[in-house]
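Each of the next two complexes has chain A plus one more chain, namely chain B in the first and chain C in the second.
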Partner chain A sequence: MQWMTLFNKEMVENWRNKKWIWVPLVIILLAILDPISNYYLPQIIEAVGGLPDGAIINLPEFAPAEVVMMSLSQLSSLGVLVIVLMAMGTIASERKSGVSELILVKPVSYRNYITAKWAALLALVWAALFVGLLASWYYTNILYGDLSFKSFLLIFIFYGLWLTFVISIIIFFNTLVKTPGLVAFLSILTIMAMSIMTQIFGHILEWSPNNLSSYIYEMVIAGEVSSDLVATSVITIVLSLILVFASIFTFKAKELAS
Partner chain B sequence: MSLLTVNNLTKTYDGKTAVNNVSFEFEHGKCIALIGPNGAGKTTILRTLAGLLKPSEGTIHISDTSLNDDVRKYIGYLPQYPVFHSWMTGMEFLVYSGQLALLSKKQAKDRAQVLLEKVGIADARNMRIGKYSGGMKQRLGIAQAIIHKPKLLMLDEPVSSLDPIGRREVLTLMEELKDEMSILFSTHILSDADEVSDALLLLHQGNIVESGSMTALRQKYQTSTIALEFESDLPSYQAKVNALPSISGSYLERNVLQVNATDIAIARQELLATAAKENWELVNFTLNRASLEDMFMKVVNS
Partner chain C sequence: MQAIIESINWSIVAPFIVIQGILMIVAILDWAKADDFRGSRWLWFFIIVVINTIGPIIYFIFGRRR
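== the complex of A and B ==
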């Protein structure tokens, strides 16, 4: 089956260029950075010194739910940046280098070509997110207090939707322009613009994908999945699918050589 | 029944016309060369036929394909500078291309083995393409273009980047492939076209300025001259030559007398007969046939 051929090629490529090693490592690092550094902050301050004698350091105590949010906020900023840079050339650089001139004169369906790339990126990002959050969950449990495995799984699934949306945006811009740097710029611009819009028009954009993190926080605190979280998830999935369809459509309309 | 019919193909980029109202037909089992200087529109035509560009106007039709059929199944294409996934081995790339062209994994593997032998890079089958030399990449490029046994093979400047040995090998390979499929290739090296193609399409500034079989074009643009060299006293010989009825004119080019004639066969006979009779001190007698270059210059300038 042609789709599997294309998907396998992406998987092998991402394995050979070590993306399957470094992407999970970076995500793990980002996920455990804040939980660990916050826990050891008193010792760090003491070791560095610089505080006058008698100064009292009052550091807040963090609840497990807050610790998880620290991980997610790192992933939402630096993590997203890393994912954008990692995926910015998935189609664009093939077109720029000219490999696509060989591939796309074969009877390759554009739908297969794009969805295979999308799926291969999702596999990589979801796997990286899984190990990253697993590490964060582990440190939360030993350093801060109990967080159930079920909560961890729910956080993983709902936050994975946000990254799915990010990947879909990157794929879309990959079909639109063929300079990887420009793909990265446009993707980040879009994510930032959406975030600002969500903040300004918060009352009407209740279910914007950018709100996923805050609903996830509420879920961990309340211990149950709210209808807002479900609605936001559905919106996120629908928007991702629309972006993928739009990518196929744009790609079909494009001339593949310049 | 023609394999490929191109009607009034026009391609414009940002208001500039790269290909202007080009029409031609292509029969099964032929090898046609697109000839033209750089920028004549050769690559644009090939890319449009391969589906990488969309025609601004005009139609392309490949026989035996219905409207909904994917024509890419029937064509093989090698761009001028083929780029591969350099992290793959030659074998992997061929199997990958074969599978994309809807062969089963087994079929693709078998075909890849055969083709690696055929194009002469079987020893490098398990080497990363990143380490291939230019000539090896060109061969791999040909192999991937024919992996699915296309009806029409299109090659963009297949030999111009190769050294003389590689050039010879690729031309021989094309000669062999002619039995299995029709070939359309572009080149600006006229002797290559002369060697393998059955017919020529001469392109200039996006227009087809001349087309036809090699022999037909030769005859049409035949402007043979006879070059004569003498031991001494050229001017007096020139007068004698000009006096012959079959000679239309002559001019001196350094120590060589260039003679034009309307009918070269009669002129040759007359010249040699007179030379023998009058004991001319003839040093050299050469019949110059028009080269493709001359022909090309003539067509382009007219």
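== the complex of A and C ==
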């Protein structure tokens, strides 16, 4: 099947350029950074010194749910940045160098070409997220207290949807412009604009994908999946699919024009 | 300082060091085989080795033309 061939080609390529090694490692680092550094904060402050004698600092005690949220917020900022930079050239640079023309001369459908790339990136990012959150979950359990494996799995699945959405945005801009740097810039701009819009129009955009993290936090605290979370997930999936269809459409239009 | 070093639970900090090590080794192996650098070959070597953690990541993202 053609799609599988394209998908395998992407997987092999991502393996050859070491993405399958470094992306998961970076995600693990980001996910465990905050849980561990917060745990050692008292010792770090003591080591840095400079406090007058008798000064007492009351550091908050973190609940397991809060610790996992620290990991997620780290992934939402630096993690998303790394993913955007990692994926910015996936189609754009192939078009620039002419590789995509070599591939598309053959009877390869645009739909297969785009969706295979999208799926290969999703496989990589979901795998990286899994090991990252697993490491974070492990440290949370060791250092802060119990967090059930079930909530870990739910956090993984729902947060994975947010990263799926991010990947879809990146793929979309990849088909729109040919310069990888511009793809990264536009993707970050879109994500930031969405987060600002969500904050300003919070009462209307209750189910904006940007709210996924806060609903996930509520879920971990309450121990049950709220209807808001489900609705936001559905919206996120639908938006991702729309972006992928839009990518196929713009890619077709651009390639036929050029 | 001695006391601080002893107070660190190494089984917890070790993963950071291991991950940083793997990142650097993989980057160096990739660097040794590559010949399509953006910019100078040895500059990238120093970036990978000198800048902790971020160096290898920058190399993976920007280092090669491919």
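We adopt the following convention: the second predicted complex is superposed on the first by the 255 of 258 C-alpha atoms of A that agree within 3 Å, B and C clash if a C-alpha of one lies under 4 Å from a C-alpha of the other, contacts with A are read in each partner's own complex, and residues count from 1 in each chain.
One rule holds for everything that comes next: a contact is a pair of C-beta atoms (placed from the backbone, for glycine too) under 8 Å apart; a residue touches a chain by one contact, two chains touch by 3 or more.
As the structure is a computational prediction, the values presented were derived from the model and not from experiment.
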| item | value |
| --- | --- |
| Touched partner set for A:197, first chain B, second chain C, both or neither | neither |
| Touched partner set for A:86, first chain B, second chain C, both or neither | second |
| Partner chain in contact with A:255 - chain B first, chain C second, else both or neither | first |
| Chain B versus chain C as contact partner of A:135, first or second or both or neither | second |
| Touched partner set for A:17, first chain B, second chain C, both or neither | both |
| Partner chain(s) touched by A:47 [first = chain B, second = chain C, both, neither] | second |
| Contacts of A:9 with chain B and chain C, given as first, second, both or neither | first |
| Touching partner for A:103 - first (chain B), second (chain C), both, neither | first |
| Common interface residues of chain A - those touching chain B in one complex and chain C in the other | 17 |
| Chain C-touching residues of chain A, taken from the complex the two chains share | 17-19, 21-22, 25-26, 28-29, 32, 36, 39-40, 43, 46-47, 82, 85-86, 93, 135, 139, 142-143 |
| Complex contacts: residues of chain C adjacent to chain A | 1, 4, 7-8, 12-13, 15-16, 19-20, 22-23, 26-27, 30, 53, 56-57, 60-61, 64, 66 |
| Chain A-touching residues of chain B, taken from the complex the two chains share | 47, 50-54, 70, 72-73, 75-77, 79, 81-85, 87, 96-97, 99-102, 141, 144, 148 |
| Residues on chain A engaged by chain B in the complex (per definition of touch) | 2, 5-6, 9, 13, 16-17, 97-99, 101-108, 255-257 |
